[in-house]
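Shared between the two complexes below is subunit A, which has subunit B as its partner in the first and subunit C in the second.
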Partner chain A sequence: MTNAMNNMLNDLEALLVLKMADDKLFLGHMQSDWTGLGPILEEDIASSSMAQDDLSHALVLYEYLGNRFDLDPDVIAYERKPNQYLCCDLATVPDDFNWATSLVRRWLFTHYAAPVLDRLALFEDKELAERAHRLRAEEGLHVEYLDDWMRRLGSSSDEARDRIQEAIDLLSTHAGMLFEIPGRDIDTDDSFCCGRSELFEEWARNTNGVLEQTELKMQVQLPGMEIVGGRSGVHADHFAAAHAEMGAVRSADPGAAW
Partner chain B sequence: MSGAANPVMNIDPSLEDQDKLAEFEQRIADGVLIEPGDWMPDAYRIGMLKMAEHHANSEIIGALPEGEWITRAPSLRRKLALTAKVQDEVGHGQMLYRVSQDLGKPREEMLRDLITGKTKYHNCFNYPAPTWADIAMIQWLIDGAAIMNQKTLADGAFGPYVRTMHRINMEEAFHFKSGEDMVLTLMSGTKKQKAMTQEAFDRWWGPSIMFFGPHDKPNCEQLPPMKWRMKTESNDSLRQRFLNRFAPAALDLGLLIHVCEKDEEGMVTSKKVDEACVPDDTTGNWGVTDPDWDEFFRVIRGNGPCNAHRVALRRFSYEQGAWVRRAIASGTSSLPPAA
Partner chain C sequence: MSKIREQGFTFADELPPATDSVVGHYVVYTQKKEGAPHRYAGWLNAPDIDMATQYACEHYGQDESCVNIWLHDRSRMHETPVSDTPLPGEDAPDDPGATAWTVFTQKRRGDIHVEQGQVQLGDEKTALSAAVARFGQGMTQVRIVPRDSMASTEVDRVIWRTHDQGYRLAKGYSKSVRAKWDAFRKTEDIEEYRKDDIENHF
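Let's look at the complex of A and B:
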């Protein structure tokens, strides 16, 4: 591990950016795997565009960190140890090519990403604020698009509603950990830019606002501060599989240019 | 990615109304584009549908071998480029199914016919892509071949297909550039990367030579597919153009051109340098050892290394997504939200 990487991993402000970048990387990674396999050709194309947005957002944030800590964005993205990634478990839960799981995952996440990007866009660091502002505009389209699908499927056939409810039941158990604060030194609720309780309340208000227009239900509690997970580098088993697959080609010939 | 099709077309113009047929042929000779609402011989409609449907099928099947490598792409930029590239192929499929729908066949029926084996797709997608370098070869050789073929198809006579070819060709040019850059990067890389690239080239050179279809009949220019400008250049002429472009380019990159024996899984078991792959002193045209056409027809009949796998994955995707399509059809909205 280089000094530059250590410097980044020990900078609490950088960790706020890194957790969003890692979420975006793995969310885009999981969703890009659907390209060519979506349920409707038009939706295949649309969801692939959103996966590309997420991967691009990760790249934009890794580039920011790379500039700041003198690191190659690909090295940040690909060459950390598993416990140095700060994505939440929600991003890497296997969807087993179940469209309902894929949709609900993205929907739960986008309602988190939008307000976090709002807050990052207010940072004093102009470069970060400008990057977050740019990403937020695209995130807004994700919110709108995914809300629309949730409303449609959540109030169409019994079959669709049941499938979406099942996906909500599966994924909502991971949703609370979106709000885990990275950096073990932070132990107050409203530290840094992302007041944890306030952010959770905003997320819950927005997601429930959509669900109220359907026959779907979701219950998520904000986990206690003592519970550690992905944001602290403690990942569920499925993260290891996603991480290994992502680096399979690159790690086969270390140092090679691709 | 995929090229058009060379579907077998048994067209008998003598069954058509001869006056209308003469007028139709005159319009084509005058360079007028034929539109779906215009009179056309039944054989033309059937042939064009078969060609556009085969091409659409090839696009969405062609998305599969490359799609399997998105999650393993070795850098963020390659991952983004590959995802966008595979997405383009799906988009090409969508456009070509729309062209086919205009010719009278519903999309759902075309997708069902594809997964039940009633209709075919381009043969080259029945070969394996076991390494990252195979993805580079597909984008360089197969997309390169597809561009050559599709440029001539953009000069055809059926308006919707011609306009779609123009749009597709613009995107294919990006795919080819991406493939060229990948091959160049790999061949400028480590020993391991160069060896992997040569092995992938050995696997894809043969299918690329066969890409344009079997040798033409001697009177191909007088037969309906070319006479009616459904296609505008013969298979052999396109193949020659491909050879003249790619054989010297491969050698310049440091690749060797081999004649290969393969096992049932499409993996090379033995190879020797293709002595015939040299330019002709007089014409400058590059030669090549004639590929194994028995293999070509064996693969078309469904017995290639990956036929079953490709169709099974498409079937899986079709079945997995059925509930979404049912929900959209039975809900209050009849269409998915716009992209």
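Let's look at the complex of A and C:
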């Protein structure tokens, strides 16, 4: 572990950026599995395009951290130990090629990413604020797109509604941990990026706003501060599988130029 | 396909194929820069025009820089036959109370259709004839679409992404990947591989 990497991992502001980048890296990686397997051709193209967005957003954020801490973005993305990744469980929970699960996962996440990017865009660090501002505009496309699908399927046939409800029931148990504070040193709500509770309330308001237009239901509680998960580097088993696969090519020849 | 996700993947719950009754065919035009004409990009299937607009943004809107997208149901357009001889057309004065039609023309066979302007006339026959007279000189085909049947992306909607898009473009990709590939393998090996590849396929 280099000093530069240690400096990054000990910087509280950097952790706020890193958790978003890690979420997007894994989400993009998981969703890319669907390329060529989407339910219809146009949906396949659209979801692959958005998976590319997530990977690019991760790169934009890793580049920012790379510039700030003098690190190669690829090294940040691929060469940390598993417990140094700060993504939440929601990003890596397998969807078992169930389209409803894939859709609901992305929908739960994009409603979290949008307000977080709003807040990062207000940071004093101009470079970070500008990058977050650009990503926020694109995140808005994901919100609009996924909301549209949730409204359609949630008020469609019994089968469509049941499938989406099942996915909500499965994934909403992980949704609360989106709001886990990265790095144990940040111990009050107010010091965390404009407040953890406030962020959660905004997320709940926006997601419920969509569900109210459908026959779908979701119950998510904000977990207690003492509950530790992915954002603290304590990952579920499915993270290890996703991490090993994502890094397979990189670890075959670390440092190779591609 | 991802190794970890091979487990539990079955086709048992596969949905029945979509049919024409639930999927419409939409024609898509993209605008590269503000003020530039909209150009035919392709067509796509979608359940309705709102979803078609979303799909068009993610599909044709990502082929090259794009600021606006128009689209319409394929059944709403009217066209002249493709002709190498001058198309016959008769102009008529616009009627402000009549249907507005957007006019697209094709210069040579196989070219894409490009937006030219508008005519405003009651029925499609008169409108197409006037469109030919005004915009059809030297063209092989003229197409008209009623303005009110066309959907458009909202002003200032982000379509083409703002982060580096080089990797999405085939031209940028092929150049850099070819360079890496060449460095990785000897040229004669590539030629040998190609020979095998062609043999296997034909």
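In this section, the second predicted complex is superposed on the first by the 256 of 258 C-alpha atoms of A that agree within 3 Å, B and C clash if a C-alpha of one lies under 4 Å from a C-alpha of the other, contacts with A are read in each partner's own complex, and residues count from 1 in each chain.
Assume contacts are C-beta pairs under 8 Å (C-beta built on N, C-alpha and C of every residue); 3 or more make two chains touch, one makes a residue touch a chain.
These numbers were taken from a predicted model, which means no experiment stands behind them.
Participant: Quick one: subunit B and subunit C on subunit A, clash or fit?
Facilitator: clash
Participant: Quick one: classify A:Asp148 as touching subunit B (first), subunit C (second), both or neither.
Facilitator: Both subunit B and subunit C are touched by A:Asp148.
Participant: Using the touch criterion from the header, give the chain among subunit B and subunit C with more contacted residues in subunit A.
Facilitator: The partner with more contacted residues on subunit A is B.
Participant: A:Ser156 contacts which: subunit B (first), subunit C (second), both, neither?
Facilitator: In the superposition, A:Ser156 touches subunit B alone.
Participant: With the two structures laid over each other on chain A, which partner does A:Phe97 touch: subunit B (first), subunit C (second), both, or neither?
Facilitator: Both partners.
Participant: Can A:Asp74 be said to touch subunit B (first), subunit C (second), both, or neither?
Facilitator: Once the two structures are laid over each other on A, A:Asp74 reaches subunit B alone.
Participant: Quick check for you: in the superposed arrangement, does A:Val249 touch first (subunit B), second (subunit C), both or neither?
Facilitator: first
Participant: Based on the superposed arrangement, let me know which partner A:Ala58 touches: subunit B (first), subunit C (second), both, or neither?
Facilitator: first
Participant: Just subunit B (first), just subunit C (second), both, or neither: which does A:Pro39 touch?
Facilitator: both
Participant: Could you give the residue numbers on subunit A that contact subunit B in one complex and subunit C in the other?
Facilitator: Common to the two interfaces on subunit A: residues 33, 37, 39-43, 45-46, 49, 52, 56, 59, 97, 145, 148, 152, 245, 257-258.
Participant: Given the complex with subunit C, which residues does subunit A contribute to the contact?
Facilitator: Of all residues in subunit A, those touching subunit C are 33, 37, 39-43, 45-46, 49-50, 52-53, 56-57, 59-60, 94-97, 134-135, 137-138, 140-141, 144-145, 148, 152, 238, 241-242, 245, 257-258.
Participant: Please name which positions on subunit B make contact with subunit A in the complex.
Facilitator: For this pair, the touching residues of subunit B are 60, 63-64, 67, 70-80, 83-84, 86-87, 89-91, 93-94, 97, 132, 185, 188-190, 192-193, 313, 316-317, 320-328, 330-333, 336-339.
Participant: For the complex, which residues does subunit C have touching subunit A?
Facilitator: Within the complex, subunit C contacts subunit A at residues 1-5, 7-9, 15, 18, 23, 44-47, 50-51, 54-55, 57-59, 62, 158, 161-164, 167-168, 180.
Participant: What part of subunit A is in contact with subunit B in the complex they form?
Facilitator: Interface residues on the subunit A side: 25, 29, 32-33, 35-46, 48-49, 51-52, 55-56, 58-59, 62, 73-74, 77-78, 97-99, 145, 148-149, 152-153, 155-157, 159-160, 163, 245-246, 248-250, 252-253, 255-258.
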